[in-house]
């Protein structure tokens, strides 16, 4: 297959060559698309590459896609629709940490994306810095990971703390789980960009999928 | 003395009643004032209340004031000019923490303001979260403080960590010691306002004096 | 009880040691959580510490929790669910001031949090600076408080005025009760951070609970 | 004279008809202009309309203009160069209030602009809200003004307080005399736009001339 | 009546002395208040001062108030509830200009507030600068006004153009009638603060009432 | 027809002379207007100029207008209501490019506006830079256009890439099809303003009509 | 010459194929570069393409370049260094308008860039909207231009006014010639993006060169 | 050595255990520190860990340090002072790309940090998207890297383009090499966070060292 090949389906140009070029096949971002557009894109991708993942899928669209695309699976918490997932195998090489419970949707988007592409995940949830005992008491679970996805809203302090404790690259994800000044994730985004411990890089607010994609490139 | 009394010196109205009303005498903020204006305000305050403090004093003005006002003392790091300081007495009731070395000018403004009004201070510097060992290893120094002034730039994470470890009210001060997005202290300001541990209140960026004033009200 | 103890309930790690470390038990922030998650967290906390408070509870969740957790009490204005509240005792040591009527939900979140932990509160509502007569005419009610929580939207001017009148530390809370430029509380937040009277520290927009937590640390 | 007349002097088109149309002749804003350009514009205006005012004049340019244009007068504090000023006459109809000493340059720009066009001014300086006694004790000086120019940096609270005390329209001017979040005058600008007392309108940060122009239109 | 008098109705302190002090009685801002609170405030004001105005009233609340308060009148476009309006009398002394049709709700809030207090208004709508012919062709309607309220969204250019054409003070009101960058009125707000013609002062976005209050102070 | 003529229909002044002055007749922006207002404006324009276009029309209003105005046509994707459209004729001289599928509504607003005024359009959709093969593989379709409208959300990178490949002026349109920091189109807006290839000018976020208007002026 | 050819000179890759691809040769942006880097880039470009233009050249660098590169010409006002300029020929097809005198450096950058590539320019300076008489009185000079570059600081209103008067595409350039809120050109940038007259597209603040590049693409 | 060990040198607490915990020894950030503080920190680190690196070193401090610390080496372009650098060995595993020449200081900070810790680097400079030929023509140099540091100012588009071409994780660094809206690196920062190609994570503006630290964690 030519790595610059794409299929024109009218409203979109499916980039069939992306996996050969970048290691990761094209993924369908469902926000702002109609159900029939997501369906058609998923079908095209699945036929050409053996599997397809859609992100940002709201409950109603997810249920419709489950009806329309046999074999597909929808996870409402993560907002993911999956067709032809690989089976995760081996020891977890990536840990996903969250600061609090409200970060779960973003964390599951990241974790299940990794699992969809065959990588098991160690989940370490609710280890924000308000009680350091929790992250220090969980250190054994993620000390030897090859990559850590650290997800936090509020003050966004946890990724810097994690970076000071272990050797893996920290992919930080700010979340919009808050109110007041810095709501919508600006406060943790800025905090993570200014993390006082080196070894932290940041993806956009609530972008669990982007963090997983970065981790997949690191693993490969 | 009438607690609504003030003295009109032309360019300013010195609020002589402020100490009776609020517990803290008027303090001269030197930024944006001429040396002769600061001199006259300091002299008026000192004559009426026995002492006077000027903040935000740059080196050149500080040296001139030292010449002009015998008995006065200038600290260049803190930017403070002091006339008639009280002698600090008793055990320290307030601890001043910093995340890093660049926060020292703000920390000294806070600490020396407290000392000027007679309160000794416990300094706990460079205990940012990149190495938790430093703040955890220094816990004995500030665990029993009645108020903690926690000063940090970068990600502003340290005050939240401190709030999760001790019982005292945390007065957080963001500093502008940084570059990039969130420079000028916006990143730590937002992080501190969103501190995930309760018991943190925030003063303006680089406002060491304001933190000391809040601490003085708490002590009294 | 070990002050670093926590209980892992899957989606969360309940920090049982927090009261021993910080003086205040963990509190459940309901925004972004499912009812069953709040229920389980409240139950766990209540069993371990004798009482539990949830903040940010919307009416529907509050009514469900009242059904699910006998002995619990829901206040819709404050958005609080309370289980095992202490009885407030003694003279009020904290005053809660508001600039206007639209600030009431935030004020009640603060006041009832203090009452939940046993501290009676002096309420001084609608004393914004558009009519100084109102705050000057109410001065006797809060002049001798040990801490003042000053809540305002719009121009956020009231806390600075209060700080110029009394000796207590002022915990300022900006509210989002407005429209236009500075809506969502940015205008009063900035005004409070720049308060021209010293002795003011600020918590995040609409954060009545955070103000109460700061006051509790000051009282203790 | 035709009220749409203008004179083309190459780098500028002097709007000779402006006084007939709007009541106020064109004024030269010196910032960003060369000295010879300001000189030429001032000369042209003065010849055609009998007087000319330049604002935003830095010391060096001001001294050069004084040499170049006999009869002209430069005020360094206000940054004004004046040629052919009217003599102020009658009782002051406008009061200029400031919150603090650092607001003086803006206040003098406003006050001397009014005086240049023949209107005496009542100056009421340093009446910020940190000590309400000062503004309440000065009320007699501005209670009966026909327009009040209220200038403040920091929290920008004073204009709202003034609006709650008197009947005149309040022209509020935020100043950039500050540091930290909201520096450069954003904090007082937003506070003034959100003034909780009606009867306040706002001009741009540090724009003392603009406030005077608004006052002149009100007086006429 | 003492001009510092106020009536404490529990959730609010009605400032009965405001009209004596400032020329304008207290007005009820309904946003963020319950219907029964607005009703009680309106009733109290009306009994004490002979009339009452509520602003920011949504349709549903307006209809309820009409039922609850006989003699009251609700205007849905302007969001005003009026009880005991004065009859406008005499020639219009104020003109209200808009840039476009979407600015009408703000314009009517301003115009009807003026009428409620007895001042007839000249309406000059849809005279934005995209077709200068419209504002130039309407000049006779507002050239001799004593105050002009100039309302615009989009680029906010009209008030500056108006200020260059006439002698009255221009009270500029930015509106949020737009989308894209600068939406919510920030673009016209900044443009109006930077108006290149002097004699413009600005109130907050969509604040038609505030503009009317400023005009009332100018007229008196 | 006088090119300064306008028709006053009460809530609006229809600018009949605009086509003569600017080449493009007035167009009705429906957002913030009532259906009857749009209807009346469209009718007036159509009677006077032979055709009328309304933009920003939501589905419900569009269907009502179709009933009310025989011969009119509503396109829900583009949000356009058209009465008296010209027939596009000749070869396409403008190409409309999009980065992704979510940009379609904006693209169709632009493309159909051009078609309404008689200009056929080359559509080149989903050629974002994540797979350069797509834009490089489509180059033949837009290399010889006289103007290119390049529409993108996310990182807004495509217009700069296009500008480096061809000779036509690039009219860049940022879209709000995103989430996280820079949502609402700020990220692509800033990227397009900073395009590293010269020959790019930008219209407001989601402003497909504005891009078409610019293209029409270029073609003429 | 291959249109993808480039020359690697170590610190830069000179894009020799750009003129063939885009119609405009690569231009050297001097800001942030050393003099020897600009010299080498200019020399390489000039040898390969017959001419070279550097923008953003400060006075000192400009004078050095004039020494180093015989035949070169430096314009300090425009910040341009030119080697091998074409002679402008024919009637002016582009008009450059400014709102005020402070916009001249940006205007000259635009105008002289056009002239460097052989296009004469009609300059129409100081026609801001504070006195509409000036722009209306100059209409004959730019009514028939094929493209108009409209440059303004302050409220940025002039380009919208121009767009309502003529048929040419308006390339709007906001300038940073201001102070206060919206300084650095944000106010006119937002105003121009929200221009109420269609047919305006915007380049970055102070980007006179970018406006000229857009105009060159339109002319060709 | 205990991995929580630190050395208290008064103004700082040198974190000797950091290399054991995180793989990277503590590095001295010189901005905001005095020369003697940097000297002492470098000396302490070097004695304990065998080498020391200081970042953000201005020329004057760098020259002093070279005198004070024999064996040290200062690079003015990168702002790095190095003592005890490892010799880079093996094939380059990391590529450093820049969009333009102005990004060189940031690129050299990243590249030389990697070299200091023993990793050779492939430099691919000036491959911004204005001429895609340059990045496509250089693809062989970075296609097989294990990590790519992609540095760009302006529109920040290059990292997304790189991510669409290769398999390595992209560490994106926005630079402040620009002017106008989005200056100081905000435009490329937002663009990179919104990169339309997955596999990009971002460090703070101009933070070349942070990018290198992330790369080092990925390599290990």
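Each chain gets a letter, A, B, C, D, E, F, G and H, in the order it is written, and its residues are counted from 1.
Here is the rule we use: contacts are C-beta pairs under 8 Å (C-beta built on N, C-alpha and C of every residue); 3 or more make two chains touch, one makes a residue touch a chain.
For clarity, every value in this text was computed on a predicted model and none was experimentally measured.
With steps allowed only between chains in touch, the distance from subunit B over to subunit F comes to 2.
Number of steps on the shortest path from subunit C to subunit G, with steps defined by chain touch: 2.
Counting C-beta pairs in contact, the pair that comes out ahead of the other among A-C and F-H is F-H.
Here the CA centre of subunit E is 35 Å from the CA centre of subunit F. For this pair, subunit A with subunit E, the centres built from the Cα atoms lie 49 Å apart. We define each chain's centre as the mean of its Cα atoms; on that basis subunit A and subunit H are separated by 26 Å. Of all residues in subunit B, those that touch two or more other chains are 18, 21, 100, 130-131, 136, 163-165, 180-182, 186, 189, 193-194, 197-198, 204.
Per the contact rule defined earlier, chains pair up in contact as A-B, A-C, A-F, A-H, B-C, B-D, B-H, C-D, C-E, D-E, D-G, E-F, E-G, F-G, F-H, G-H. Taken together, the subunit D residues at the contact with subunit E in this complex read 18, 21-24, 27, 163-171, 189, 193-194, 197-204, 209-211, 213-214, 216-218, 220. Those residues of subunit G lying in contact with subunit D across their complex are 100-102, 104, 125-127, 130-131, 133-134, 136-137, 177, 179-183.
The touching residues of subunit E, counted against subunit C in their complex, run 3-6, 10-13, 15, 17-18, 21, 26, 29, 31-33, 37, 176, 184-186, 189, 204-207. The residues of subunit G lying in touch with subunit E in their complex are 99-100, 128-132, 136, 153-157, 160-161, 163-165, 178, 180-182, 186-188, 190-198.
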